[in-house]
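Shared between the two complexes below is subunit A, which has subunit B as its partner in the first and subunit C in the second.
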Partner chain A sequence: MSGTAVTMVNVQVDGEWKQFPKGMRLIEACMQSGKFIPHYCYHPKLSSPGNCRMCLVELGMPKMTPDRKSVLGEDGRPELSWSPRPVISCATEVSEGMGVRTSSPLVEECRNGVMEFLLINHPLDCPICDKAGECRLQEFSVEFGKGESRLLEEKVKKPKRVDIGERIVLDDERCIMCSRCIRFMQEIAKDDVLGFLNRGSHTTLAVYPGKRLDSNYSLNTVDICPVGALTSKDFRFKMRVWFLKETKSIDVTCGTGSNIVISSRENIVRRITPRENDAVNSCWMPDSHRLNFHYLHSDDRLKEPAVRGLESPVAWKTALATAAEKLRGSRPEETAVIASARMTLEELFLVRRLAAALGVRNVDILPRPQKGDGFLVSDDGNPNTSGAKLLGLATGRLPEIAQAIEAGRVTKLVVLGEDAADCGISETALKSLDLLVAMGFLANKTTPHATVVLPSSAWAEKRGSMINVKGRLQRLNQAIQPPGQARDDWEILRDLIALLAGTNGLHSIEEVFRQVAAETPALQGLTLSRIGDLGIQL
Partner chain B sequence: MRREEKQRNHGMTEMKTRQVEQMTPEFEADVEELISHYPVSKRSASLPLLHHWQNHFGFVDDTGIEWIAAKLDLTPINILELLTFYPWFRREAAGKTIIRVCRTLACAMAGSYDVKEKFCEAVGLDPHVEHHGFGSAPPTTPDGKFSVEFVECLACCGSAPVALIGDDLVENIKPSDVPAIVKNLK
Partner chain C sequence: MSALHPTPHPKERRIIFENISKPGYAADIDTYIANGGYESLKKAVTMKPSEIIDAVKAANLRGRGGAGFPCGTKWSFIKYDDGKPHYIVVNGDESEPGTFKDRYILHQDPHQLIEGLAISAFATNTRLAYIYIRCEFPHAAKIVWKAIQEAKARGFIGKNLLGSGFDLDIYVHQGAGAYICGEETALLESLEGKRAYPRIKPPYFPAVLGLYMKPTIVNNVETLCHVKHILRIGAAEYARMGTPGDGGTRTMCVSGDVMRPGIYEFPCGAVTIRELIFDVCGGLKPGRTLKAVIPGGSSAKIMRAGEVYKIKGKGPDGTMVDKDLPMLDVVMDASTLQSVGTMMGSAGVMVLDDSRDMVWALNNLNQFYAHESCGQCTPCREGSLWMSKMTTRMLDGGGRDKDPKTLQDIANNIAGRTICAFGEACSWPTQSFLAKFPEEFEKAARS
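Up next is the complex of A and B:
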């Protein structure tokens, strides 16, 4: 084995010998072998305090001769001597010749006993608990519990509805003292504010008096809480989790592109949670990003196409025809296109085609430099700057374009997914334009002055791909339908291009991506489905 | 606040002064000396510092918790966790003399529950008030002279029941002895 960095050790898991890297936690070796070990305090991204005792297994060590050599059995494997006491698999590291039984009468009894202890003071208020349906205590009660209580004593009363942070409520009676939240705040968020006060069955999770659990990563503690002790104020009592439809997607609040799960029901997004991707965000995401979705359902959503001077409702056909007609034959130097690095790769690709159809050089995206936090909040407030750069749309010409508009040299402007006001263009200048086409999903300072308004889809309402700041190509998926008459951005752009330059044979987002890949060397051979749920490093 | 209310009820002077402001250079020198015993991890000095603080000031107030935490590069919650875990430590003043009656097996069987009740009666405390610690002071007389509490084994099972009065061990206590013992203390 010389030359390899990792030493492998032989471990017997339920009678089968397997190899694992030295130093791996036993629970991970068992799980990797397809054996499920129930656990509360263990979390793959955190240290092992070993305090919940749920992951007890039977452990065997190789029998040793007096000269410290393992006794080998008939099969040439070490003979094991089994410890009469169970051990916790989360705080035991695999070692050479070790054996483990993940299921045996002793193990079953241990789990049963631990469950009984954990439930002694638990309030069993599952009917009104937000965690119900995704609660480990509930799940393991079904699988490993006894199904009845032998407790005659009064349960210990502890603080309830404790406002411990800006976004979090604590119910101490539900807490099973796994300490995952404490370790997360120490080890990942680096803001050590949580701790256990008191002792025994009176042990209480708390913040130091006067301090708050208000780190921008605080809501991750809600995700990793195995019970309903920590709940999100934003999601509390909004929806039973079993009604939620889960859609894998990515966060678009910044350039990190944290992997997420969008949970929605009946076309309303109810919550966003991080999805594990070790190449991007591990298991975490910033609070500011996960709560950044309520605008999807705001009254400012653009729902109908509109054409200045025409009474609503205006048909899509009319709106697109009006835009096309007014753009057709315009001189390239009097026309500009402002796109957004919040658009997907497919959309930006069609923006490039649109610019080509119009022959304009005045194209750019709005950059969003910001102060990141060195962790999951990127220095780039745009999710797809890399995509815009790859397609040559990040030209840096925006100040020049804005100036030309102010000076009246550019009189026709197409704004896609941005607010011209953010690009340094005054409302007076917008008003005096001959043509202003605005595509977007929210009304802003640009839309009231637009000649044509094209309502598009938000990130939770469409498919597509983006490239994050580290050059990872990742996919967005559609969780809900866009409101009213709003359409997918790529379809709007395709139809506009078709009106200006003839049909282009694009009928699905897959086809658009295939074209992007065909015209972009960095994406050669890729398809939208080949990107997969975890993305591809370019 | 429960704690403040209790202090008022016991007629104790409310601590308006912050302990941290009463620290002397000698006290701080002792702290440095204690920390120097733990070259590998300063955190290990947490308990010695809590003892040192409580021995000096009688209890540990929030300024003490925060000072110790800062001294050891910890956050205050790390110290508060310890303080509320061990029944020995308290965040408020106890009586001048603390009577600690053992209630572990040998003493319990030899009648320490009666003994403790008698101590409470002799100093004028309700014997039925439960006390868990968790940072609070044991039940204390309104004049601030006595506190009475149960403790676990004092390692004197042969002469049960026993009590620790201040720093003195008293052995073979009969309930009938208690009034005289208390009278001597007064």
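Up next is the complex of A and C:
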């Protein structure tokens, strides 16, 4: 880091002196010291309104002499005078000589009190609440609650099942008025549509009259809502969260490569949520991207290999042998390979090997320029254009290849993970090809004309790596199994190359990556595991 | 009938209320000038700004809005030449139950406020001021607006006021109807056009990050009026009227079970509770005895008739000794009331006689606070309504054994743990009623 130096200040946390950068929020300093501070309204990426009062701690300030010097104790450290009044740690910034007590009878009493207040008007409908299992109110009740209700009166009634947006339902009775959603919409999504109505205990979250919570970032409010007040229509009542398996991966809908958690159960992806990575997407992701997974389980999935003229199902061996046989000995100028920048680095590396085995120059990927939103939707609709470029596969020759196919000069085509129809190749031209090998996971306009269909895996079903538009190398992880006979793309390619050029000794994805790294100066010394969960800037 | 008695009680000294309800006195500028108006401002513009602040400090003027903060000290938080715009915001939200003094100034003597405000602005290099008037005073807003226009037309405010080279613009802003708008930071939010949610302090102290995040002074209507009189009378003379820590006069609003409720003005520390009730206000209603007094607006802790407080005072040999101070002998000034565990607050004195049921009285206050909690922070939002529901149930004959203890716990879990002082305001009544009248709450709990 260059520029202004960070001033460090000494702060006593539960009796131990530690150093923190000046201006850091006290709650963060405590958490960094391993002292958990329960909180609702505080969020590391949002401003601190200090409204929930769950993070109250005891604060000490250095005792001062009349000439404003701090009084030092025997240990040479400032002597502290403790305020009888608790303070919120979320909006207090650390300063020199400050002291904090994160657990004491007073602090416990404060937490107990706030929990009791939050629960008296809460509907306690956990059995039917989607947030159950990941609800902060539930979590802290167990830790800091009394376990009995002293409220004898009726609870406050508020609107339930309020349709506030295209993708979100609000239950006002569950809302604890932490204002996280409001602040997110103001400060991050820059679409200030949420606010509170009424006063006191009748305070009610609502959208401004005539407005809807329809921003392409609206679902982030569901993630940060500490309770089940905001729920996703897509996920509502689908699954208890504690049954979900969580897999860390990345979004492949665009070049940003937002870090995600894939939540799945029994081979079905149930939801995608953003995973914090300050170098990429902070804590957020666009709705359009997180909901872009239902096709994983669509009827269009290719599940079995197919060979034109043979009765399906055909064995993988037969399908690959057919493709290899028809490709073998073909003249390079009559052959073309169209790959996809939605493929992983490992897969694209094998595409390059395949092209080399065939000796073809006619290789390219399909570019996907688009209008981004200046935030997390990138101008590039492909997640791995940088990877394709790094491997020399983004040749820009696609228009030329398409023309050659239309003109009949190219008669053998391998299409990997794309639809030839999207590449400017007409159906007539596809029909008149001598050979069309199509690898992919969804049926498209190309598949009906394919000589050989090779069903592969979607992003949630495999491992590998990609490089985002900013040059960050990141990892995909496998959450579920591919359907039917579908196989991992890199294995299909490896087997095909082996049939064409002899075995290549690649037995695992790690080995493929090692090969990529060995042949790519920018990746020198890297391994798949070294990329880590947060990726590596190249 | 006016709330101000036509002939002042001998103990009274009317400075702020001098012209209130005076026959023939009108709110227009000619009347004001004919009664010596704007002379203090003329004097002010010949003084150095720092001299004015020193005078206000020497006068021992404390804020009259409730918190009693020393006014001169508050002003000196503003750096005269920091290159930033400064604002003065006049708190005319007057909504504390039992408090009804500012309304008389706003309706009947607006130029007194404008003059005080102009002096304050001159002293603190403030070019823009707002007078925030609660929405329930629509007529006052019109009167003050008109007064501003008049003062501008005569050159008392506006560009180059009184040829001093100093510019001042004043605007009236009408509130939207919430008690919390009187809390100074909520008021600033409201003035900025937002929901009146009090700000967290730190970091949003008005003097540092006030209106539009600029250094801002928020003062009560009456406080600023006093400034005019400090310059008129002279700081030393003004200070001498009051007690060492509390200079000048103080208006009081007396309501409840006395023969002559109304507004009064005394030199600070001039009356005891006994004098106020039995002498100034004509005593209790026939056949009634005194039960309790809430001395400083609804938030102030209640005092029980017959109580004797232990306070520190000078003994005959000059050393500090414990002294007994009977409730009726408590002097109505900030430090004495504080030393007996309550406060002068907004000087809204509420008198309760033996016809009053204390559960009923507390429930009345609880309902007000539950209705007025802004709802921003958890303890006050949930606790204020819960307390109110409990006292309502107790009053309706549904009391349970544990109620007093639960009420006490709720109040203890609010006070000191909220964003703004409303937390204390709404829990002090419960805490003090329970402490002072336990038998009534125990009885209601058994019903």
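In this text, the second predicted complex is superposed on the first by the 534 of 538 C-alpha atoms of A that agree within 3 Å, B and C clash if a C-alpha of one lies under 4 Å from a C-alpha of the other, contacts with A are read in each partner's own complex, and residues count from 1 in each chain.
The working rule: a contact is a pair of C-beta atoms (placed from the backbone, for glycine too) under 8 Å apart; a residue touches a chain by one contact, two chains touch by 3 or more.
What you see is a predicted model; the values in this text were computed from it and never measured.
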Clash or fit (per the criteria above) of subunit B with subunit C on subunit A: clash
Which of subunit B and subunit C A:152 touches, first, second, both or neither: second
Which superposed partner A:37 touches (first subunit B, second subunit C, both, neither): neither
First, second, both or neither for A:272, with subunit B first and subunit C second: neither
Partner chain in contact with A:193 - subunit B first, subunit C second, else both or neither: first
Which superposed partner A:425 touches (first subunit B, second subunit C, both, neither): neither
Touched partner set for A:211, first subunit B, second subunit C, both or neither: first
First (subunit B), second (subunit C), both or neither touched by A:49: second
Partner, of subunit C and subunit B, that touches more residues belonging to subunit A: C
Which of subunit B and subunit C A:202 touches, first, second, both or neither: both
Stretch of subunit B, among 4-12, 40-48 or 130-138, that runs into subunit C once the two complexes are superposed: 40-48
Contact residues of subunit A, present in both the subunit B and the subunit C interface: 195-196, 198-199, 202
Subunit A - residues contacting subunit C, complex: 48-54, 56, 84-86, 88, 91-93, 109-110, 112-114, 116-118, 120-121, 150-153, 156, 176-177, 195-196, 198-203
Touch list for subunit C against partner subunit A, complex: 178, 180, 195, 200, 202-203, 370-379, 381-386, 389-390, 393, 400, 402, 406, 409, 412-413, 416-419
Subunit B residues within the subunit A interface of the complex: 62, 74-78, 80-81, 84-85, 87, 132-135
List of subunit A residues in touch with subunit B within their complex: 192-199, 202, 206-209, 211
